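What follows is a structure written as structure tokens; I'll ask about it next.
Each chain gets a letter, A, B, C and D, in the order it is written, and its residues are counted from 1.
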Amino acid sequence: MLGSQFGKNFRITTFGESHGKALGVVVDGMPAGLALVESTIQRDLDRRRPGTSPYATSRQEPDKAKLLSGVTKDGFTNGAPIAIVVENTDAKVADYKENERLFRPGHADFTYHRKYGLNPQPGGGRASGRETLARVAAGAVARLLLASTTRIQVLSAVRAIDKIVAQKSSFEFAEKDPLRFLDPDLAPKAHNLVKAAQEKGDSLGGVVEVQGLNVPAGWGEPVFAKMEALLGAAFFSIGAVRAVEFGAGTSLATLPGSQANDPIGPSGPMGDLHGGILGGISTGKPIVARLFVRPTPSISLRQDTVDLQGVPSKIVTHGRHDPTVAPRLAPVAEAMCLIVLADLYLERQANIALHPQIYRED
Amino acid sequence: MLGSQFGKNFRITTFGESHGKALGVVVDGMPAGLALVESTIQRDLDRRRPGTSPYATSRQEPDKAKLLSGVTKDGFTNGAPIAIVVENTDAKVADYKENERLFRPGHADFTYHRKYGLNPQPGGGRASGRETLARVAAGAVARLLLASTTRIQVLSAVRAIDKIVAQKSSFEFAEKDPLRFLDPDLAPKAHNLVKAAQEKGDSLGGVVEVQGLNVPAGWGEPVFAKMEALLGAAFFSIGAVRAVEFGAGTSLATLPGSQANDPIGPSGPMGDLHGGILGGISTGKPIVARLFVRPTPSISLRQDTVDLQGVPSKIVTHGRHDPTVAPRLAPVAEAMCLIVLADLYLERQANIALHPQIYRED
Amino acid sequence: MLGSQFGKNFRITTFGESHGKALGVVVDGMPAGLALVESTIQRDLDRRRPGTSPYATSRQEPDKAKLLSGVTKDGFTNGAPIAIVVENTDAKVADYKENERLFRPGHADFTYHRKYGLNPQPGGGRASGRETLARVAAGAVARLLLASTTRIQVLSAVRAIDKIVAQKSSFEFAEKDPLRFLDPDLAPKAHNLVKAAQEKGDSLGGVVEVQGLNVPAGWGEPVFAKMEALLGAAFFSIGAVRAVEFGAGTSLATLPGSQANDPIGPSGPMGDLHGGILGGISTGKPIVARLFVRPTPSISLRQDTVDLQGVPSKIVTHGRHDPTVAPRLAPVAEAMCLIVLADLYLERQANIALHPQIYRED
Amino acid sequence: MLGSQFGKNFRITTFGESHGKALGVVVDGMPAGLALVESTIQRDLDRRRPGTSPYATSRQEPDKAKLLSGVTKDGFTNGAPIAIVVENTDAKVADYKENERLFRPGHADFTYHRKYGLNPQPGGGRASGRETLARVAAGAVARLLLASTTRIQVLSAVRAIDKIVAQKSSFEFAEKDPLRFLDPDLAPKAHNLVKAAQEKGDSLGGVVEVQGLNVPAGWGEPVFAKMEALLGAAFFSIGAVRAVEFGAGTSLATLPGSQANDPIGPSGPMGDLHGGILGGISTGKPIVARLFVRPTPSISLRQDTVDLQGVPSKIVTHGRHDPTVAPRLAPVAEAMCLIVLADLYLERQANIALHPQIYRED
């Protein structure tokens, strides 16, 4: 599968381990002539950084993006692959020392051992959440492409922390909230819940919502490359995501057909049941997806496991871990959505040229 | 995107419209030397057929598989692409005549018009559920590969119809039940509900469950090709699926970390929270996924829409439609899972040869 | 590798064996709205047919194209995969009977046995030249796309038969000549040579030339997807091709640099040394390639070989074979060039939309 | 096309410009558990370096490989992408200053301008021969895989400089010769010729030969992924290559069929006419390919060109250039062959597992 590549027209290749020398990404497919500097990427990396929140891991990395290729000396993309590298500087291998012979529950240690013959790697190696840094860097490049050529905006925030579900949707509030929570009124309750879990050494799950605004109608492909299939793959490729829904999602399984169709007006479906997608193709309404995120598997409580020889043992996963990963996962989900839309933007051009009369509103 | 292809090592290319001459699939990547005859494929096609259920569309097609290539005259695969064609014989274009100028709510008519400039096609054209026939044919070939080389079994059934959720899991019962319902005790309730909806001209949603048994530990790839990402794309590529979950799925968003990890024993994770996958790689436990299926969008009740010129209108979608698509979607989801696993089987071989000592249990 | 697929944006998947039920191709990526009927495809298939020449194999097949999908009932492409099937009707398995236990020299029998475990297949099975029929059908679809959207023309003919090299280039003459020879004056010599070889039961090689006219400057990609790399793969995928050159080709290895560069004028390179490509990207001058074709490996003379058990034996390859394959290979090479250019056409659109000012002349 | 990626199972993604910060490659698909350190890569990079020959460009770069990911702390591959970066340290942009408004004949300046809207880039930017450094680094990784799992050896050298064609084949001699010439007796003549061209400010072409030894029979795929098609694409993706042949190559176009087939013995074809490939699949004999290399386009003689506004002008391409690129192209061609074979090795495993009895000799 060569699992480290994603996309067809806007294709990213990521690399790097949690405690290796560096992580990075090569972005191929970016058109020439767009102004791209390191700060464009840094802005998005900073939104993902740990240490900006009281709940985030105490690992302190500057996460500085270095742009190695793909730009002219004047700072414009040249159509060639854009390589971005971020060095690891605060990789405390010691924290993980004792775990090198124990498989951490809820982590990839066991399956990586069975697939690759590897002992548990410091910080999870390639399976670390730190891998998502490369996606966010690539997402910044995708955002530049979309911002230069369309009116598309992609937003992300936390819709729910454990059983507290946001009833309002203020992305503005969420952007400043350490939990990225959508509802200013319920946010204090969510914060209290997270603090309580943190104090117990436990962790919490949540729901991340991603919205794609101003996506023109007619993007996406039928059958296997439906927009939900592309976004579904994109979102399920993020470690802690255990379920994904679009539009009215799971609730559509319990609605009758007479309440499950958005009626159609002159500019397309009216309503949000379909999540902006019909038959795999965008309707022109906002794309809405929700990602159900499991609680952080690393907790400070004792759990049952085995060692490399299969001998039963107890493990406490020290190290630096967030009590809930949902807030930090939101910018990653946003990045994956940007990458999918950038891919579809490039896809879309061929047909526009053929049938300009159809696409007048794009 | 070229939406009609799926898979990397075991790759399928489907074609055909609801009311065209034929539908079919080309399967590439099947190893040579396996006994493949038309009846192997027909068996799976028959499980998907309408007309085997009181609830299914009254369209009566024999759906006979013709095997055009990829086998020797003795009936063994020869390593070349396997082309399977099914002719359309009962394509009643008349039923759809009046709809050629109206966009059906909940259907792809509007988005296909915006993408391709097409008027609504009879039966939805390429967006018809009939397209899934090609997937089921390809799934039968994937099943043959897995059955010849592994102990893997893939099962599918209906976990829920509207709000009636199966509490038992009898795949044996489901195989004979027209609703493919998993729980023999609750099945009568489900049947009554469907009949009531059908009489009202309405439709119902449901949940399909797919299980992959005896999948060895160590299959799948990290990062973007996680098993959930591949299966997620596979399942979301099926028209009516609006949400997908793995293992404990959505419920993990509301569990604390201390209850969300399966403890690890000598042969891997014990429990079903992870759905048989950790870090995107199989654990050796059953793969479990659930697909949330919207109600059939075609209903006999009047709905608001517009015509090709954008003039508001009312539409009643005549034609032949199931009151719930979940039962017929199950074999399709099963086929997609088989295709993903066949792909991963082929992927897996390279590493086994390199590290035979690791893979002794595969 | 899944060897039966080619192309990225305009992607073809071929299937079928020499003596199976049918051969065919699925073309994915064709835009919607172009008029496509069976006769569009038939015209190109007829140019490739055996039986139109005194030198061609006596196998008499009508080679009728059946269009199974991808078109509306009004005969326009609908953006979905286009499946084309040609049935085998004159598959005389008897001719090949005795060869089922002997490996034919110069054929794929031995390597297919080693790769797939197959005994020699009637007519070579998937390795038969008959497989190219599917390419020509796909090439006709590519030609339709290019003709509808550009001024591109692709021509092919025979530049040399054995040591007789055409000094003139009349594609008009070639189109009517059974040898597709480019030079009307030297054609009689070429014909005599072929007849003499045929009488002796021997065969001859030759050189096929392909020209792409009116290809705008700026098509193709750098590094691995250079136009030469794509065309090189396309041409080397045709069975009998043993060398490929572009522009001045092999002769550039023996020219000094001062004679090997086309000078540049206001509209680009002037001259034909580069074959219309620089840095992998089209210059706006004609694309010129030459394919060196080995003589037909099937000859009526006794050759040394072994049987399935490795016992030395003699073989005479009966059956129906051309004394030279170059003339019939020309339309196949032309089709492959059309397919590559159709792919690049679709690729090209994305950038045009971004930088319309650059591409004013396209 | 996303031109900077190559391979399917062993996939490389290259990046970097001649005068940017760095060049590099990400290698995905390498199995876990193989010992890989920077010196493994450095050895191959050093073979490609300029400055090791009196004829090579005077650009003096250390070309030090930095391994950023894909290895454990103990120096074993971990199955994750291997990122290798080489910094540019001797990028004298000044040399290229005056050419920023003139298109160099025989270079990609004009076509990059037409495709990307770019002015001529220092040193050719992405089109520089320096890009091949990333291929050689990836080739070193491929070599490690093949050396660890097979007996395959890939060799490269210069078969001809201008009209001087090596009659002997001493790869041992070539490895030490600054021209990498295969024939010790004719080498002095070749050296004199190159020196004479260099003194005149002119350049010469040549022929590079690549051999793949001990490639087992049965590798490669039929139809579009024939071994010649893969190698053809690989070789034509190298800038200066204008023709490619396999086995007896171009000469087969002028041989009768009775002299163009290798007879078959118990272990396969005997002879070298087919270049080790039949029907696109390896025969077990050495793979032999020859690449016809044009003379370096940068010469110190005045050539006609135009500036960015299309005004005719004269250009002398200063800078640092080799009088013949063939010797430095040989390790690049070797690397591309290694990469193709590594890809096919991984491809091959799936079938071996299915049919172990067939592949006993592999």
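The definition used in the following text is that contacts are C-beta pairs under 8 Å (C-beta built on N, C-alpha and C of every residue); 3 or more make two chains touch, one makes a residue touch a chain.
Nothing here was measured: the structure is a model prediction, and the numbers come from that model.
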Chain whose average C-alpha position is farthest from subunit C's own: A
More contacts between chains, A-B or A-C: A-B
What is the distance, in whole Å, between the centres of subunit A and subunit C, each centre taken as the mean of its C-alpha atoms? 45
Taking each chain's centre as the mean position of its Cα atoms, how many Å separate subunit A from subunit B? 26
Contacts with two or more other chains occur in subunit A at residues 2, 4-5, 8-9, 14, 32-33, 79-80, 115-117, 126, 222, 351, 355
Subunit B - residues contacting subunit A, complex: 1-6, 8, 14, 103, 105-108, 110-112, 114-117, 126-127, 131, 160, 162-163, 197, 202-207, 217-226, 228-237, 239, 241-250, 252-258, 260-269, 274-275, 277-284, 292-299, 301, 303-306, 310, 312, 343-344, 347, 351, 355, 357-358
The residues of subunit D that touch subunit B in their complex are 8-9, 31-33, 79-80, 149, 222, 345-346, 349-355
Report the residues of subunit D in contact with subunit A in the complex, numbered from low to high. 2, 4-5, 9, 11, 13-17, 19-24, 26, 28-29, 32-33, 66-73, 78-83, 85, 93, 115-118, 121-122, 125-126
